[in-house]
Amino acid sequence: MTLNRKPPPPAAGRILDAQLHLMDRQVLDVDAVPVTTVDDLELTDVDPNAEIPPGSPAPVIISLLTGPALGTRIFGGRPPSRRLVRIPWTDVSDVSVVIRLGVSGEHLDAGWVQRWVRDKIIARIPGGDHDPG
Amino acid sequence: MKRLLGVALGILTAIGGFVDIGDLVTNAVVGSRFGLSLAWVVGVGVVGICLFANMSGRVAAVSGRATFEVIRERLGPRAGLANLSASFFINLMTVTAEIGGVALALQLASSVHYLLWIPVAAAAVWLVIWRVKFKIMENVTGLLGLTLIVFAVALFLLKPDWMVLAGQAFSPSVPGEETVSAYWYYAIALFGAAMTPYEVFFFSSGAVEEGWSIKDLVQSRINVLVGFPLGGFLSIAIAACAAVVLLPAGIEVTSLSQVVLPVAEGAGKVGLAFVLVGLVAATFGAALETTLSSGYTLAQFFGWSWGKFRRPAQAARFHLAMIICLLVGIAVLATGVDPILVTEYSVVFSAIALPLTYLPILIVANDPQYMHEHVNGRVVNALAMVYLVIILCASLAAIPLMILTGAGS
Amino acid sequence: MILGDLLGLPVFGTPSRGSAAGEYDGGRLGKVADARFVLDGQPHQLTSDARLLGLIVSPHSSGSFLGYERTEVRHPWPLPQLLRWRHRGSFLVLWEDIAFIGREEVQLRQGFTAYSTALDRPE
Amino acid sequence: MLKRQGRTRSGNRLPSLAALAAALAIAVTGCQSDPGKITSTVDTALQDSSSAVATARLALELEQAGKLTHAATSTALDNALEELETSRKHVLQLAPETEETRAQVQEALEALDQSATSLTTARHAMSSTDQEPNRQQAQSQLDQAAKSLEALTQEAHQ
């Protein structure tokens, strides 16, 4: 059973399980405004056709994925790489119950739908740009 | 006074959940056909919704996470999407029905045909969502909805035989002219109505809207313990009124106009005035609750920015989604479909979506990463597991019973 | 590489000649249930690189643990017990022991070590 | 392409959904011409109509006692009339084949027509300005209709 196996050698940094700590978590920008949910993760490539040479460096997370990645994760298939909407891992500042970014969502690719809906529709309706009440 | 107004969220949630148009009619139907012999279901439902609404409120207050974020995190995208589809579909049906309900209530007050009121009602709902502060919205609709207490007053004025009512309620049996499957169909409908998922979506999101934190945990509990039992009390009062006046007259409720007749008989025109205000407020409140819930669930599943505390432009997709929901609702109603029929189905469908909603709440309420020391206690967990089993049974039995009874007819 | 593609892939051992037919003898060991990362890579302004520490392989199900991979989460009965039973025999295999990650399968190196998946350090 | 558990599972769900939809469709449409179906349709129609007539009687009574507003009373009468029309439509759609069922449907239709007339009278009484005689007339018509509906229902149950 799980509990009887020996524990792995201690690691030097924080441990994150992808499914538990990262996938499907809410992403907030530096001003705590929701940006998206983590729909998938992109890692550095591993050659799928050859054996991994012993001692190769381990893959790292390059970016959080959103947009079409959700559809393919649910229904299968794979979007072309250029259609993936990415948030670079280097923008991530903290991983807890939510994933916080150290940058504003305003300039991220992941925010374009929000910006489009806002500029083309919502901001044009009277009152759309005012505080409620 | 502050404490008193502090329970507005609970009251609005419960009124929108327990005495919305579907429940008003379902309760009256049940009263006019089964007397109070199904009152126990309301009791079971009230305890269940208190349990899970309190949990979702606690999760929201401690971790700042609203319910649908938690659902997606724990169930993953596939099961999360299944739940989203079911919940969103139910929400949309209910939004449609509630707008129809506001229109029907206005027809009762004005005798202007309800189809003419529908655009007015939908526009009013949108304006409140677009411009009115959350706090004002919940206080006004919650307080006005309280006038439905007139159902209880009318019941007293009708001077019923309390022993007979108590007998029906406490030693329930299936009335002679009804079938056992119809009895259980309505039991599930009432249970589903009491525990409709949009109540926890709304309550937990409302807690985030109001910025609850750990120091508001007591507030959350008071909200739950005042709001939902009050909602349950109102729905039993409605059923009892129907049982006292309509059942002996051989009237089976099919429309809202029949629901108010017992109040008129007991409390006259004054009572009628109160009940009309209450009906408009309750259905309007439910329309707000379900429209907002549609936006909340979508936004939380996809991680969009949401909330009435933000400017609409800062939660653009959230507001756009709600506008589309309202337009769809108007379009459906314009076909002349009976709004009451719509909710009667939605209540049963909601029984089916229940397990996928309440399981993740229960799991996260036990997770120290979210809850720190505020995880569930043993008693709450034991009760919640019992309810999960009940919920599972109800959701499995819902569709077969619906087919078997021809939706209760 | 997209993580979603990796999750759920079947995991095989590498057949070893000569050794006694043990439990990891080239057969199918299970499916990739999760990927474990450690924040100890190259430091950046905001955070460090998240390096793939290893994969969690579950013999019976690649479904979610619903959060019960952490041993300190024990409530409410009987959910943790049920989920741990569903994932019984699951183990962590480190990156160093992974021989091959293809599009259809993952293969482990000969004589890899199966570690406990327990994750109960304070977060 | 990857083969995922979830996808095959959701693939299996489709046929069962289709079966469910088919079952629903059968339950809703039913079979129109068998005599048992006719009897139960007539039965339901009579029940719904007597409920509608009873509603109208109660509403008129309350209005005359000054307990119900004009608007609420007319709405109640409108709803009752709609309910009656629905019942009538259901009975009219029946295709009785035997002599016995034909007579049964005929009788029911007569009672439903009588109820509709009485409800229409009541509705007119509500909207006309010279009130009293008209309302009493409406009320006695409603009483009559209720009696014939009850007689028919009892006959069916013997």
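As written, the chain order gives the labels A, B, C and D, with residue 1 at the start of each chain.
The rule we apply is simple: contacts are C-beta pairs under 8 Å (C-beta built on N, C-alpha and C of every residue); 3 or more make two chains touch, one makes a residue touch a chain.
Just so we're clear, the structure is a prediction, and the values are computed from it rather than from any experiment.
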| item | value |
| --- | --- |
| Chain of greatest Cα-centre distance to chain D | C |
| Result of counting contacting C-beta pairs for A-C and B-D, higher pair | A-C |
| Computed distance of Cα centres, chain D from chain C, in Å | 63 |
| Separation of chain B from chain D, taking each centre as the mean of its C-alpha atoms, in whole Å | 28 |
| Chain A and chain C: spacing of chain centres that average the CA atoms, whole Å | 21 |
| Rounded Å distance, chain B centre to chain C centre (Cα mean) | 43 |
| Multi-chain contact sites of chain B, meaning residues that touch two or more partners | 76, 78, 369 |
| Junction residues of chain D - those touching two or more other chains | 2, 4, 6 |
| Chain C, residues touching no fewer than two other chains | 5, 64, 67, 103, 123 |
| In the complex with chain B, residue positions of chain C that touch it | 64, 66-67, 72-73, 75-79, 123 |
| Residues on chain D engaged by chain B in the complex (per definition of touch) | 6, 10, 20, 23-24, 27-28, 44, 47-48, 50-51, 54-55, 57-59, 62, 66-72, 74-76, 78-79, 83 |
| Contact footprint of chain D on chain B as seen in their complex | 78, 107-111, 245, 249-252, 254-255, 257-258, 260-261, 264-265, 268-269, 272, 276, 399, 403, 406, 409 |
| Chain C-touching residues of chain A, taken from the complex the two chains share | 1-8, 11-20, 22-23, 40-46, 48-52, 54-55, 58-61, 65, 69, 72-73, 78, 89-96, 102 |
| Contacting residues of chain C [partner chain A, same complex] | 1-7, 33-42, 44-54, 56, 64-65, 67, 69-71, 84, 87-92, 94-96, 98-103, 109, 114-119, 121, 123 |
